[in-house]
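Going in written order, the chains are labelled A, B, C and D, and every chain counts its residues from 1.
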């Protein structure tokens, strides 16, 4: 059985493990004060073309989201998210657990647009009987595989500025977004157009780790306190730093994401050539083919994946995820099996 | 400069890294459902002689403490801790941040006794104008290197049962406690005498990781929800599981702790033979010699450590920490330097 | 200008003020230990035919909701509410501020039905990546004036029991519900079919005050702690107790609600006889006539009310609220004005 | 039995009740938008000589403290309080329940001094492993009856400014402090020397109510949101406003406090002339005579009061509280009884 369920079924890219062994006995200061962290942050600041950014390494996406959001919001403030957004749909009320409402907005493609923001602001206008929207949370790529174009992100960024809203981008799969064929942004664009964003390591080659980036030091002032308070400050911060250093110093991060996308697009082509359609217009490593149920059943004999959504009595959408670790042989086998059905 | 500041200056024990590489490409389910976790839990249940225990792997001590405590307490309930306890002194108000008061008790040696509990219960008796004590938090070894004897833990455990208090033991350095020369407990004793405890990996050979153990499944029911909600559920849970498997299947964990203790005791002997005394009666890997300030200054030329407490104009206590990774050559060099001063 | 904006524009029913003066200098214990409270609770227990109920008096609806809900839910648990429910739409994220997600369900008439609950349970099934539904919150009368029938509440109650969900009823306007012409329930039915409910005083003749009723003492155990902790325990608890005593010992509460409903229904008849329709099918003291905008404008010259919802270019729904204090003369004048337009 | 247990055993000053009746049927806007509130705030701004202050009316002290503190602190920030401070000793962990640590400082007389602040800052210096002190909470009069002098408050205020700490004064018994014989401050001094303070109504003649005053509008910006969110915004805000209007427009508040103090000082004189001493040096309406236990027992036959603290086998300190409602006849009777023993 080959597993297409997610992009975290394997460990880490071998370069990372090699680097961990290589540096294993070099003594370092704890709690994020290690030399690898300093170096990794320098590399990242260069990539985003912002020498003033403040960068911290955290362990996972839910942790990053809840810490960033609860750190930046005051008690009466709320965050706007697509209903499909990870903080709304998949993180066990983690934001609410820190005291803040998530204003969930229905979208067609998992992406927020200025009109969504305007509607939310209108719905939450009756001060003080409703919460005060103060932040917009987006994911790129989204939870359903779509990506933002530069002009879309510019519009959203501008709308946020006008309305005094912080723009926070969840980049759990940012590599996959930036390596998509229809992408027209760079990492520096992302940094320029958001107030805070994070680069996900876990789903693109690291054992664990997300790099959260504040565009200005003012915004990040005192952030260390909440890292510690929320249990996110690893004694051996080197573990996170070494991985980001390895992923970014020679752009391994982008190579890995590109591979994942390429594998997914190979399957997309095969699905389309069989005449099947998709639930979402994904150009990244999560795809949602709509298949006849008997086809799904057959595929399930050799491949693990989620059945995502019932479409009609005879069809359902499945979710296939590829990753940096996906072996092309398995993709080819899957395609062959699909063709044969 | 050799670093005696803490027990997390290096990476992980090489066996762990080897195992990570060996298993790297074996596909596993995410979020703690991997096979290594099942196996590691079986090994641990055997060690603690409790087949009914529920075990979860978390990333670090602060995270473990805040999740366990906030999960088990209701909104009006509080936890009693020694003032030196990690949750009281070193975790940035993490427990209060989840809504619960930490009732901090002054102690002489970092350990809580039934009389401390009785006093706290008396002080917090005026229902409903004060919080309701519901849990006792202790550390073994303590933050100042001391350990509980079996009879002390039995007394405390019995006092907690009588007063309907949960007993939770922070085992960030549990290996060092159990390997101390004056220890008379086993891991099974710890499990039997507490309601919840955790075994610390980070400070004894792991890259990161703590294993939290609930004595009964009832107590742990629904715990997975808060793991996810508080950002502690790693997508690649295998990372934590593999490390605990490696640490415990051949008792590597205890060997490593023993080494750390042995290194510390070597220094203790040398300090004593020079006629110096100690701030605390530590028998584990954290020791606090009281030295003349000029000696401290000299030692500081070659060794990193914290000056812990001013004693008088001429003396201060320093903190030295050894670990699984402490090279005996450096200990010997330190002792030689100390002797020569 | 006569104010139809809400049912809290005036002070208290004169009987209450008289009673406050009469008892003013009788010394009483503080913090809810006064004799009036004991007496008022006895009266209420008789009305609900449950001698085992536990009753507490709080100051306002938002306070009551947030305290009851945060007291009964564990950290990972959530409450299901209609999207129009007060906790979802009008209380500034007060539930989220205590750490809990409100699962908001779209409804046609402000009422939840078993099918709504089933759908929510299905949507929140993927343990542990989503919160765990543990409570159902309903209002009777609802925020849009509708009421539950006995069979509806029985079905909901039974659905909650089957699914291990607590059923909590917000009775801010419970008097109006029970005095509606289409009502077939008693206060005792409400008590029997819910786990917790509150009787609203503020909107039906009291200066302030809500009586929260737990069906069993077990459910209410330790509730005093959170009353104090959340700032809801008045030093002069007598203020709340005296009001409920006065409202219930001779059923003044029901008389007042009946008057409010009668006033509203008079307007309903007039609106209908003019051929206008309503936004909701209200039988209580909140009504939502849909009127031509020029009629609204004219009425607004003499009466205060909210324009609730744009219907089309020429029409809007307005909200009119009557109360125990509504003078029939003003209702008649309003009707005359409406007829003349 | 006459009750000296507290200053909230009776209802409200008759003028207040008269005013409630007088205004009862005047329609007003809800949620603090009533005309009485506007007028009461104008009166208070004049008294404190600060036209720029922002004022809100809340229901009780615990509510006021938790809302002000949680509104002003960020998640990692803490408040410093005397250990006897109400938020530390008597409010059921209400501040911790909002996520913030209370740094409790031992004092001799219930008052904080700059040296206490300096020590706390030193103890909480190890960023980010400890919380960040950001506010100082004091009470005047204190929980043990003592008061601040102008020079003491000036020193503390200046210390707070220097260290970027907000100074918040709990004035549950501010009237009693300002009417004490050894007081040298005015309400305007209090306003000038603090960032936020509240004037307590509940313990000085009101049914309920506290007026919280922010020295600058910037500090209070958005405060309405949390009033609503924490359940403190009464629909009939008029109830609070009318009381403060009545208490302050002709300085009734100060007259009432003066009466309470005078009654207490009469007892103080009697106690002293019998040769007994006091636990604290109170000059306000809470006094703590140390009496032989048999005397206490005898007095307890006719008077209710708390035995506060065991002094030795034969003596204990009791707490006597007088109020605006204390009848001088009962004070005289108490003194006569004391003398006769």
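Quick note on the criterion: a contact is a pair of C-beta atoms (placed from the backbone, for glycine too) under 8 Å apart; a residue touches a chain by one contact, two chains touch by 3 or more.
Because the structure is predicted, anything quoted here is derived from the model rather than measured.
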{"item": "Of A-B and B-D, pair with higher C-beta contact tally", "value": "A-B"}
{"item": "Most distant chain from chain C, judged by the mean position of its C-alpha atoms", "value": "B"}
{"item": "Rounded Å distance, chain B centre to chain C centre (Cα mean)", "value": "51"}
{"item": "Centre-to-centre distance between chain B and chain A (centres being mean Cα positions), rounded to whole Å", "value": "34"}
{"item": "Distance between the centres, which are taken as Cα means, of chain D and chain B, whole angstrom", "value": "43"}
{"item": "Chain C residues counted as touching two or more neighbouring chains", "value": "75-76, 91-93, 97-99, 128-129, 131, 225-226, 228-229, 233"}
{"item": "Topology of the chain contact graph, where touching chains are joined (line, ring, star, complete, other)", "value": "complete"}
{"item": "Complex contacts: residues of chain B adjacent to chain A", "value": "2-3, 5-6, 8-12, 14, 17, 20-21, 23-30, 59-60, 62-67, 91-94, 97, 202-203, 207-208, 225-226, 228-236, 238-239, 325"}
{"item": "Of all residues in chain B, those that touch chain C in their complex", "value": "70-71, 74-76, 98-99, 127-129, 131-132, 222, 224-229, 233"}
{"item": "Contacting residues of chain D [partner chain B, same complex]", "value": "75-76, 78, 89-93, 96-102, 128-131"}
